[in-house]
Amino acid sequence: MREITYAEAVREALAEEMRRDPRVFIMGEDIGVYGGAFGVTLGLVDEFGPERVMDTPLSEAAIIGTAAGAAVVGMRPVAEIQFSDFLTIGADQLVNQAAKMRYMFGGKARVPMVVRTPAGSGTGAAAQHSQSLETWFMHIPGLKVLAPATPYDAKGLLKSAIRDDNPVVVFEHKLLYRTKGPVPEGDYTVPIGQAQVRRAGTDVTVIASSIMVLRSLEAADRLAEEGISVEVIDLRSLRPLDADTIVASVCKTGRAVVVHEANKFAGFGGEIVGTIVESEAFDFLDAPVVRLGGKDVPIPYNPQLERAAVPQAEDIVAACRRLMRESRRAAVRP
Amino acid sequence: MREITYAEAVREALAEEMRRDPRVFIMGEDIGVYGGAFGVTLGLVDEFGPERVMDTPLSEAAIIGTAAGAAVVGMRPVAEIQFSDFLTIGADQLVNQAAKMRYMFGGKARVPMVVRTPAGSGTGAAAQHSQSLETWFMHIPGLKVLAPATPYDAKGLLKSAIRDDNPVVVFEHKLLYRTKGPVPEGDYTVPIGQAQVRRAGTDVTVIASSIMVLRSLEAADRLAEEGISVEVIDLRSLRPLDADTIVASVCKTGRAVVVHEANKFAGFGGEIVGTIVESEAFDFLDAPVVRLGGKDVPIPYNPQLERAAVPQAEDIVAACRRLMRESRRAAVRP
Amino acid sequence: MADALAVQTERLGLAPERLVHMYRQMRRIRHFEEEVDRLYQAGRIWGTFHLYIGQEAVAVGAVEALEPDDYITSTHRGHGHSIAKGASIPLMMAELRGKETGYCRGRGGSMHIADVDAGNLGANGIVGGGIPIATGAALACRKMGLSRVVLCFFGDGAVAQGAFHEAVNFAAVFQLPVVYLCENNQYAMSMPVRRGLGNPDIAARAAAYGIPGKTVDGNDVLAVYAAVREAVDRARSGGGPTLLEARTYRWRGHSKSDANRYRTREEIEAWKQRCPIRRFEEQLVAAGVLSAADVERIAQEVREEIQAAIEFAEQQPDPDVSALAEGVYA
Amino acid sequence: MADALAVQTERLGLAPERLVHMYRQMRRIRHFEEEVDRLYQAGRIWGTFHLYIGQEAVAVGAVEALEPDDYITSTHRGHGHSIAKGASIPLMMAELRGKETGYCRGRGGSMHIADVDAGNLGANGIVGGGIPIATGAALACRKMGLSRVVLCFFGDGAVAQGAFHEAVNFAAVFQLPVVYLCENNQYAMSMPVRRGLGNPDIAARAAAYGIPGKTVDGNDVLAVYAAVREAVDRARSGGGPTLLEARTYRWRGHSKSDANRYRTREEIEAWKQRCPIRRFEEQLVAAGVLSAADVERIAQEVREEIQAAIEFAEQQPDPDVSALAEGVYA
């Protein structure tokens, strides 16, 4: 299959959905001739024109709120928030309006909108342009939250999001935009709510999403050389979360590492630990579930500090090794 | 000791701190002659005047942002956000500015500000006036987050927050304002970062905060009649979190129930489960840690639905009973 | 009809039946609110609500200027907007009672009454929260090639919100078919407009966005109708958004928690002297559009209608708690 | 001095030494930015930054109107503001290189350079994010009985942000000592002002808040000085906030990711013809304040100063990774 970049896959999903459904349009800051801060929408305005590829004023609350208003009366807007950090500016419209409208109105409204937004660190853009705020939006009933890790999923999940009748927030890690992978031409979708086992293994389950999937696979390769067999789960969909896939894997391996770039403290890794502990997998745990996440600091500018602020492949390797050691201790648990 | 209400305790803390330190002032919507939506600041403008009890325009982003700006140059503002749901409007100023300023500036700035805000359900105010968003702000390095459950702590923790050199968010549950308890006259503080064991027990540890502490104590009374001995921990401080007190208790009881009103999914209960599982307490767990939290719905208006949407004493009772049953199974764990 | 009114309504193209309809609508709102307050005092409505009493001319005059399939967005003080837009009073009453058959199946209550299919995009608990929604609906109307217009209600307090600013600028940039109608009832809760806004002349802000602005007497239903009609016609014909300010007054407390410490009895009384309903009634009677008997009959019919709605609501079932989670996702 | 300039500077109370200082400041900014760009191309600066080239007259003219202990808030395009406010170029360079001895210990980088003790409350990565901060600082100045004023820089794009609206209204309501200075460089990234704002006349928005507003030629350093000076004096004497708009132009791309697809070469060239530095230089030379030799000497001194700063930065230590978590909490 042909290989394209993650950014191209997102663009292709947008173009195909706009061709398929006249109700779909995209809106955001500098997404037209500029092509977006990361070039994701480059060229789309040429095919679809400024009415369907709308350059908006510099107003995140208005972008998200007008998307919600357009959705509730029948359009299917896809809004881009240039950096996910700026979701904080449109948070009321996303959380108090878009997410709750349907329920507050007695289940009688539909808000089919998507918010796409680049997230994460690694570009030296510092504390206000590098956050991972998925947990915030996972915590809000009425929203769906996606974090595709591959170009294939970037296209397939975005199409599912656009066709979904609910507000969906899609986090796209900046470092993924240039990664390449096989992506079918033409139409296909990836269902929302299904995790995928990216690598099968028997000793440890590593549960990851977005950029951390790539780092987990890298860690798994290294650990294989040491004879540690790692199963890597790509969550893909953060809300709804695919508990079954997680639990089945942990029942098999008896060991789990949860890794995300979002701050570890009060991050969604806790939800996954809780899900494992509440499940039958608890009885199969040979060692405590380990969480890896962002350190308790805003993302720093200096590249060494920035790298140290979030989990890297070597941290995942170390965590898995520790887990293998510890589980021997666990055998003699009181 | 004399008993006063939670609202009176908050008011007393504000008054005493304003008398003690001329840099302290309070600002917010309708906190002057109106006395605040819940009457917390009633009468303060009479003693301190409109310059220190500032009625602001209806602008949450400006309230939080100006508080941050005033703090960074030397004042100690205490801002009130009339309902915690409206933190979503000032989120950028709180999360991207106030919380990060010090770190972004190389540790060379101080932002001594407090944001007080009524939270939670139970008043029939529906989905946009009843949320519990503590988890959001716990997730942000640079912020401290408090959720006092008693009038004593409401006064003592607020004083600590006002004297703290960092941005502190204090969540005050609306249903607590009218509750009464012993509160010393005059000055005392409750340290930030220390949980308190509200009731000692040996069978199950219930970890709660805010209104859930009261419900947990009620549950503990009922369970005592059944011979189940419950230890109730009041977290009080959500960030920083007092892991030691939690872990020590769970090591003792071997069973834990975490309960908060915030939505269970991706809520901070997961952080507590993760903390327990990562600690030595893991080896003492006789049963899975149970999380109780808000259901996956926006808070509904109808009182029966609203009540069913968040944990009640009977849910805590049921969870503890289940845990006692289950732990027998745990004994025969593979 | 006495000349003054005749000339005016002639120009506005308002036939006598429509004048009577508008009068009845104002009475229905007034009486609905009085009964809601009574039911609350009697402990039969809970939660919170914000009474529209004193502002009836704004909702009725404004909505009368719309076509049936135009949209509105409403506010926390939204009962009057809903009724003016044609909401069923029994279903509103059922919602306030938290019943399964209410507009929001008892999930929303006073601050979230909506009827999207009928063009009411909802009351809103967030001050200013409906302004971007209205703007987006207007954007959609244009994209869908509909000639619909969106009427966006909000209060003077909302003008201080960032959402107001971002959304109005957005509509101005794209010349969207939306009419922003600010109900300046002199206070945002306890904050008087003169202290809450650097410039208390709200309509003057239109210039900041390069759109037309106009102030109107919000207690004169025909003046409101005329101003909104003009703005709606402009919006429908591609002329873009308008910012209107209707000056009026809230007779009752902001909500149940209000002790009215921030204003004087005299001020309230003075505004009551300018009751929009009595004023319109006097015009209609003087003009011979209504007789004293008509007035009494209408009052009686409205009383009976609302009484029936209260009884209807009383008999409706509560939501089934097992259905708590229904309606979160489509 | 040639009459024109003499009269003008006389009126402004600007002695020749200050004029020369202003000229030197503009050159320092220009050359600093050129070197930053070069270092980036050479792979020795990473992350992102936004060059101030073309706008030097705004920062220099505005800050010259302040007292040393007045405050400023800056933006993502903040190098010029920092230098004008008296920042140490070596420490700025060290920060851009991510060094431990940089202004932010390498934690902040270009978008967060700050020196609170010296009155620079920081660059800001959030467009409009500094406007409430500036407003709060002004509130504090008044509460602390200081006669300090806050100068708040922001771009034309920030005008569309809710934070701008909420904060300016807040300052107007409390009559705070803050000067809002919008640098209208014609574009917010790729969005031209005429398409991003319903009314492209930004200063005209002052009326919406009931405060004075004024537009000034942002490429004329003395005009900027005069306008800001007037606003600062008003603020200091209790006259409240002012909204100023300085019309200028960004010569370079918005940031490194910019291919300039949204504007023409001709437009850029036309603005380069109006170079604020050359213009001021010509005035000063014509007026005999500077000789051709002075100009060359200053250019040389600036080159050397910046070269030294680059070498200084080169030699500075990187932060110790073990100190990652330092400075989150006080």
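As written, the chains take the letters A, B, C and D, and residue 1 is the first residue of each chain.
As a working rule, a contact is a pair of C-beta atoms (placed from the backbone, for glycine too) under 8 Å apart; a residue touches a chain by one contact, two chains touch by 3 or more.
Not measured: the values here are computed from a predicted model.
Judged by contacting C-beta pairs, the busier of the interfaces B-C and A-C is A-C.
In this assembly, the chain whose C-alpha centre lies farthest from chain A is C.
Taking the mean of the C-alpha atoms as each chain's centre, chain B and chain C sit 37 Å apart.
Centroids of chain B and chain D (each the mean of its C-alpha atoms) stand 41 Å apart.
Averaged Cα coordinates give chain A a centre that lies 29 Å from the centre of chain B. Multi-chain contact residues of chain C, defined as those touching 2 or more other chains: 104, 106-108, 112, 124-126, 129, 160-163, 166, 169, 173, 195-197, 328. Residue positions 57, 59, 61, 85-86, 89, 92, 96, 103-104, 126-128, 141-142, 295-298, 300 of chain B are each in touch with at least two other chains. Here chain A touches chain D in the complex through residues 29-30, 32-35, 37-39, 55, 57-59, 61, 85-86, 89, 123-129, 295-298, 300-305, 308-309, going by the rule given at the top. Against chain A, in their complex, chain B makes its touches with residues 85-86, 88-89, 91-92, 95-96, 99-100, 103-104, 126-128, 133, 135-136, 138-142, 239, 241, 262-263, 265-274, 277-278, 282-284, 288-291, 295-298, 300, 330, 333-334. Those residues of chain D whose C-beta lies close enough to touch chain A in the complex are 46-48, 95, 98-99, 104, 106-112, 124-129, 157-158, 160-163, 188-191, 195-197, 257-259, 261-262, 318-319, 321, 324-325, 328.
Here chain C touches chain A in the complex through residues 71, 73, 102-108, 112, 114-117, 121-122, 124-126, 129, 131-141, 143-144, 162-163, 166-167, 169-170, 173-174, 326-330, going by the rule given at the top. Within the complex formed with chain D, the chain B residues making contact are 23, 25, 51, 54, 56-57, 59-62, 64-75, 77, 92-93, 96-97, 101-112, 141-142, 144, 165-166.
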